[in-house]
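Please find the structures below.
After this come two complexes, each holding subunit A, first together with subunit B and then together with subunit C.
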Partner chain A sequence: MAFYVVQFLTGLASAASLFLVASGLSIIFGVTRIVNFAHGAFYMLGAYVAFTLTERFSGAFGFWGGIVVAALVVAAIGVLVEMVLLRRIYHSPELFQLLATFGLTLMVEDLVVLIWGPDDLVGRRAPGFKGAIDFFGQNIPSYDLFLIVLGPVVLGVLWLLFQRTRWGVLVRAATQDRDMVAALGVNQKWLFTSVFALGVFLAALGGALQIPRDAVNHAMDLRVIVEVFVVVVIGGLGSIIGAFVAAVLVSELNAFGILIFPKISIILVFLVMAVVLIVRPWGLFGKPEAPARRTPGLTVNPWRPLTANERLAAIAVLIVAAALPFVAGNYLLTVGSEIAIFVIFAVSLHFLMSVGGLASFGHAAYFGLGAYGVALLAKMAGLPMIVCLLLGPLLGLVGAAVFGFFAVQLSGVYFAMLTLAFAQIVWSIAFQWVSVTGGDNGILGVWPEKWAASPSHFYWLSLGIAALAVVILRIIVFSPFGFALRATRDSPLRSEAVGINGKRIQWTAFVIAGTVAGLAGALFAYLKGSVFPDNMGISLSVDALVMVLLGGVETVSGAVVGAIVYKALSIWLVSQTDLSKLVLGGFVVLIVVAFPKGIVGTLEAFMHRRRKSSSSASSPLLTSRIESAE
Partner chain B sequence: MRGYFVGAGLAIAVAAMATGAMSTQATAQSEIKIGEINSYSLLPAFTEPYRKGWQLAVEEINAAGGINGKKLVVISKDDGGKPADAQTAANELVSSENVAMLTGTFLSNIGLAVSDFANQKKVFFLAAEPLTDAITWSKGNRYTFRLRPSNYMQAAMLVEEAAKLPAKRWATIAPNYEYGQSAVAVFKKLMSEKRPDIQWVDEQWPPQGKIDAGPVVQATAAANPEAILNVTFGADLVKLVREGNTRGLFKGRTVVSFLTGEPEYLDPLKDETPEGWIVTGYPWYSIKTPEHDAFLKAYQSKYNDYPRLGSIVGYQTIKAAAAILAKAGSSDPEKLIAAAEGISMPSPFGEITFRKIDHQSTLGAFTGKTALKDGKGIMVDTAYRKGSDYLPSDAEIEKLRPKD
Partner chain C sequence: MSMVPTLLSVEGLTKSYGGVHAVRGVSFELRAGEILALIGPNGAGKSTCFDMLNGQNIPDSGRIRVLGAETTGKKPRVIWRMGVGRTFQIAATFPTMTVRENVQVALVSHGQQLFNLWASTARHARDEAGRLLDLVGMGAYAERPCGELAYGDVKRLELAIALANQPKLLLMDEPTAGMAPRERVELMRLTARIAREQSIGVLFTEHDMDVVFEHADRILVLNRGTLIAEGSPEEVRGNAQVRAIYLGEGLLYDARHREGASA
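Moving on, here comes the complex of A and B:
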């Protein structure tokens, strides 16, 4: 019995650490709607700075002072980031801020290794909390007890802050309806900055408090960020109490789950999230989102099919690209094939995101399913390559049909997180089902047949399929189905009123996107000759998001450019420099600032404006109204 | 619009390639190139000393006149910890740098991915660090050789000591991926053969890099084992040790632990190093052989730092590659394979041989016990165990390894 009590307390201590970080994320998201990917980076920075300070200043005062100062220092960095970077892009398309914080995260990962060195750092134990307390023969570390107390204390302080101060009232108001708060004359700039600072402070504090238990290292950020997001979503976005309850729920389920299924930890949080979101679409304590006042896909220049001249230009470019094998060597052709495959992958997500208004955080699942489909067909059934390429993506289709059915019942970030949960579940199946999938050692020897084996042939194959995929998706965009999908995106109520079955339309779009992603995965399996669980991992999903956002989410085919730029750049940088993450991250941040609507989106807006000013007869009234509606 | 960018992107790529290709042609005659791939950005704690190790080897080889008169050049690429990126790098090295062979890799799945690439493209590949048994056995191929003692070998070394323990109730804690799974499986199998009286009372499988150490320690203690097998390393190991120390998990229990004696993993533990663990590792401070002394002196004078196991692996990988290239007198893969099969060479750990039967080198490892000295963890009672003594019989390997 004593054991279960101690296990429960151990779970509570884990929950407290998780809650500190999660609460910060929840506050930031609630008010600013920023999906702060850099939250883990701030957590990690907190730990590193605290390590330096506590090593420098010994004693109880040095330790606790060091922890608090570290959190303040990192919060100051957070303020700087918010003022210099994020303020510029609050009016960018939804999720665009994710791109900026993603770039920051990449940079921080390389910077901490440059500053603090590559070794794992083990900090001091907390003065006064070094030992353990005996509980009926079981030991409870006193530091765990400290954390167990700290969690509710922080919760209480935050509650008082939000309920009893004017600032807290404003924050709560902004969480509910930030447009209305702005309309009432509240200075949003400083409200956002202060909220961001508080969130970052909590993240850094959470990181700093880990040093007596953990090893400070450069991978801490990724370890925590996804889990924290999951906790926030399970609890309900913007709900601090929800985050606390979710942290306890997840930690306790893990603490007791491993007694029965020792391998459960790898997937537990995602299972919990999937179940919670299917049963309660807005998390445990979340409220349904108010209907969006601004339409997310509203563009200054409405979409239109390419003109005849543009079509000719596109064909010309395709011909130039197809001539590459006559001038380039094998390596460049293989890179070209890889880029073409990622174009397919990115346009499939782009279709879902920009046309359907459904941002998926787990799109790699269908890419990976396509790849595994091919690998299993080729290795187990021994089917020829053409058949594998045709049938493999069907696994992506089936996956998308099953998961999409549940996912389209939700919207916004809840939709995104449910897709992430499904992707992680698929990933863990590939990872754990060693007898079929080979586990993380993957499936090897999936090489193309002779007719496609040479780099030039494979390049032509990939390029052809990529062109086909882009054309087909464009045709769908401008078909009646595409219009219905956009109607559902822009106004669910109106589209329902004119008789569009929104959920079915979205589900169909999800299946189309998943199948096209599966096709990309199928090609990828043949390009690499092997398949690994990596092919459906979170980092691949994030890459796809980055490509779409980089190209411009409000465009018809911006993802094509986003994929080419991002993939070519990352391959080139990894090959040329040891600090590829720092440079790539810096580049992403620069693009975010220079092209606040994505590369293609910003250029289109620019050209549109120029065309407008040259033919000044067009109504300036209309333009200004639409821009202010943004 | 879109077309313009496609064109621009391709143009940039072509230009980048062209400059790369030009610089490689100019010096191709007097050089011999080796392509090297490792997870530099993902695992700097291991790969930085590794890089220093191979750079030292390159320097020594060129100072001694290169390979058959040609200067040795190592072109190094980062794989970011992703098998797919490792293949891109391998492809660049082979297709556009025209390297004579590929070396390196750390993670097992990356080692396997590059090994499969080597097999497909008919390129010689000397795997440095991946521990998986599959790379030389179940998924072995004729183009792939491996330097480091495999999972099986390290398990066999530890089992020799572990079987002497009186403990009958064993628990295991291992990271939940192929390395952890196969380490536990081999250890269990070899241990149960020697000691049929042993009971396996608990197993814990925390996700790699994400251990929630408190509950894991508590759950292991609840099974009340007499001895524990640990396979976690890096940050997970630190957390496990800290929680285990505070909660008294290791009190009165013997722990057998893979790799923990390697400075990479032992040094961060500082004064929290648990004493008396039976480990494999690299006690650079207590190896007194002329070969190792020479290496140690050269390393310390070049870098003003002590070597980690990664340094040895990096150093010996390039030394082995150079020895194979010198013996083959050619960069033809078939001749390299012929030269590598059965080749013997010196190493800081004494003479090693690349076996013909499974392309595994006989480089061994040190076993010993952990201890605390001046607030730092060290290995004591160390013994070098030759790799050749801890491999299964040829008949068994014939069964494990696919025919070429």
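Moving on, here comes the complex of A and C:
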């Protein structure tokens, strides 16, 4: 019995840090409507800075002072980030905000390694809380007891701050209706900045307080951000009480999950989240959001199929690409195959995200499922390659059908977080179910058969399938189904009122996108000859998002161009620098801020402007009509 | 009149939120080709009533039938398939498509082609979409991006979309809200003409009494969730209770109206 009590207390102690980080994320979201992906990075920075300070300054004062000063330093960095970056993107679509803050995360990961080195750092114990307390023969670290008390204390302080101060009233008002608060003459800029500072302070404090419990390392940001997403989704974005209750719930699920289901401890938490989201999509303590004012898109140019000339040009490009094996060596052909595979992956996400308006942050799950499907079929069943390539992606289809059903019940940031969580479930299964998937060691020896084994043959195979995938998805975009999907994205209200079952349409699109991603994964397994859990990891999901973004979210064919440019660039970058994440992250931030239409979108806008200026003489009537509207 | 079939029949419609009776025992009928206005002060229950008719809200009790078929509690998309078109207070269209494509989407849905992954939408019901656009006077703008239209034109486009399933009944929630005075008159004349020609029944809510008294065949007055008056424009205008609660006693309205009638 005592053992369970101790386990429960350990869970409570873990909840403290999680609550600090989650409440910070929640407060920031409530006011700025930005889901700050970089919150994990601030948490990690807090831990690193606190490590340095507590090592430098000795004694109790040095330790506790170091922790608070570390949180303040990181909060100051947060203010800088808010003023320089976030202020530019408050009015961007939420997808861009998620991506920009993710770009920041990538940069911080490399910077941290650059400053503190790649090794785990073990900090010192907290003065005054070094020992353990005996509880019926079980040891409880006294620092854990300190954390258990700290959580409710912070909750109380935050409550007082929001209920009893003028600033707190403004924050609560802005959480309800920030436009109204702005109309009342409140200086919104500084309100946003101070809220962001508080949120970052809490995250950094959460990180700093972890020093005596855990080693500091450069991967702790992603681990915590996934857990924090789970917490705020369960508790309700914007609710501090919700963050507290959910942090306790998640930590206890983790603590006891390991005892009950040691193999699938991670999954338990995600299952609970999925259930909460289906029963109460806005979380336990959240409020259902009023239907969001549609973020105006970047352009209103209706999509159109390729003209005859453009079609010829596309075929010409394909022929040139097909001629590559006659001039290029084996290395370049392997790179070419990888690019072709990522074109398939990117267009599948583009279909879901641009056509369907559903920005998935876990699309790699279906890529990875396709890869594992092939690996399992080839290694266990020993099926021929063609059969594997046809059947492997079906695992992606099944995964997309199951997860997609739940995911399309939500939209916007909740959709993004849920897809991310599902991808983590799939990843943990691949990671933990060692007897089938090989766990961390992956499945090796998945080589193509003779007819496809040579680099040039495999390149042609990948290129052919990529071309086919692009053509088929384009046909679907302009099919009645594609229009129904876009209609659901444009106006759920109107599409329902003309008889369209939006959820079913979106679910179908999710399954199509997942299957095509699975096809890309299947080819990828043969290209690499192996599959690993990382084939379904977060960074791969983000790669796909960046490819679509780089090409142009609001274009039909941007993903193709984006995938080619991004993949070529990143393969080259990895060979040139050790700081590829820093460069890549900076690149992502740059696109979002300076170049939100992407390559193809910018080109289209340029062509459109030229066409317009050349035909401006014929359209005075149209302009006068628009002016008379207001 | 008795030969004209009952299109919409509402019996004892009731909805309350907590202790507040938003709508209480509302009953009325609507015949084919008839234009019926639902008016009343803010908070009278017009929107609640309307949302229950088009399936966005489920009544606590009462029945709604369209051409004899029960629609109570059905989803909006199901009600649409039973022949009910609808427009919104703030026009809802598909801003990233062209004007013609907006109508084509509705036609695709009407033709049960929503899960067709292969055909080209551009060729689907192109002429029929053009005909509907001509009907509302938007034929010349068929290839324009919807997102660029003036609001009055968006309203007319929305009407064309609502007509795509050849509805028997049209539900219009404040059809002229947010429009310039001249556009209001044009839109309502257009609606009335189409309704008469195709013998479509129209139910609309409206705050602009000029629009109501000029175009409605019959008027329902709602106050605090119950119907307090029902009848021709003249009867409603003469009703003392309606004047006291909603229209007011000012002479201005009558004077202006008489002036308008003689002009």
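Rule of thumb we're sticking to: the second predicted complex is superposed on the first by the 555 of 630 C-alpha atoms of A that agree within 3 Å, B and C clash if a C-alpha of one lies under 4 Å from a C-alpha of the other, contacts with A are read in each partner's own complex, and residues count from 1 in each chain.
Here, contacts are C-beta pairs under 8 Å (C-beta built on N, C-alpha and C of every residue); 3 or more make two chains touch, one makes a residue touch a chain.
Quick caveat, the model's predicted, so the values are computed rather than measured.
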item: Touching partner for A:V434 - first (subunit B), second (subunit C), both, neither; value: first
item: Which superposed partner A:L121 touches (first subunit B, second subunit C, both, neither); value: first
item: First (subunit B), second (subunit C), both or neither touched by A:I319; value: neither
item: Which superposed partner A:V565 touches (first subunit B, second subunit C, both, neither); value: first
item: Touched partner set for A:D490, first subunit B, second subunit C, both or neither; value: second
item: Touched partner set for A:I476, first subunit B, second subunit C, both or neither; value: second
item: Partner chain(s) touched by A:K528 [first = subunit B, second = subunit C, both, neither]; value: first
item: Touched partner set for A:I258, first subunit B, second subunit C, both or neither; value: first
item: Which partner reaches more residues of subunit A (counting touched residues only), subunit B or subunit C; value: B
item: Overlap of subunit C and subunit B interfaces on subunit A (superposed complexes); value: none
item: Residue ranges of subunit A in contact with subunit B within the complex; value: 3, 6-7, 10-11, 13-14, 109-110, 113, 118-122, 130-132, 138-141, 143-144, 212-215, 217-220, 223, 227, 251, 254-255, 258-259, 262-263, 265-266, 310, 313-314, 316-318, 320-321, 324, 327-332, 334-336, 338-339, 431-432, 434, 439-442, 444-445, 447, 455, 524, 528-530, 532, 534-535, 539, 557-558, 560-561, 564-565, 568, 571-572, 574-575, 578, 580-581, 599-600, 603-604, 607
item: Complex contact set, residues of subunit B against subunit A; value: 1-7, 9-10, 12-14, 16-17, 21, 40-42, 44-45, 47-48, 77-78, 80, 82-85, 87-89, 91-92, 95-96, 108-109, 112-113, 116-117, 119-120, 132, 134, 139, 176-178, 181, 202-207, 209-210, 212-216, 218-219, 221-222, 234-235, 238-239, 242-243, 246-248, 264, 267-270, 272
item: Residue ranges of subunit C touching subunit A (in the complex, touch as defined); value: 54, 75-78, 80-81, 86, 88, 92-98, 101, 104-106, 108-110, 113-122, 124, 144-153, 158, 161-162, 164-165, 180
item: Residue numbers on subunit A that touch subunit C, as the complex places them; value: 297, 300-303, 305, 475-476, 478-484, 486-487, 490-491, 493-501, 505, 508, 622, 625-626, 628-630
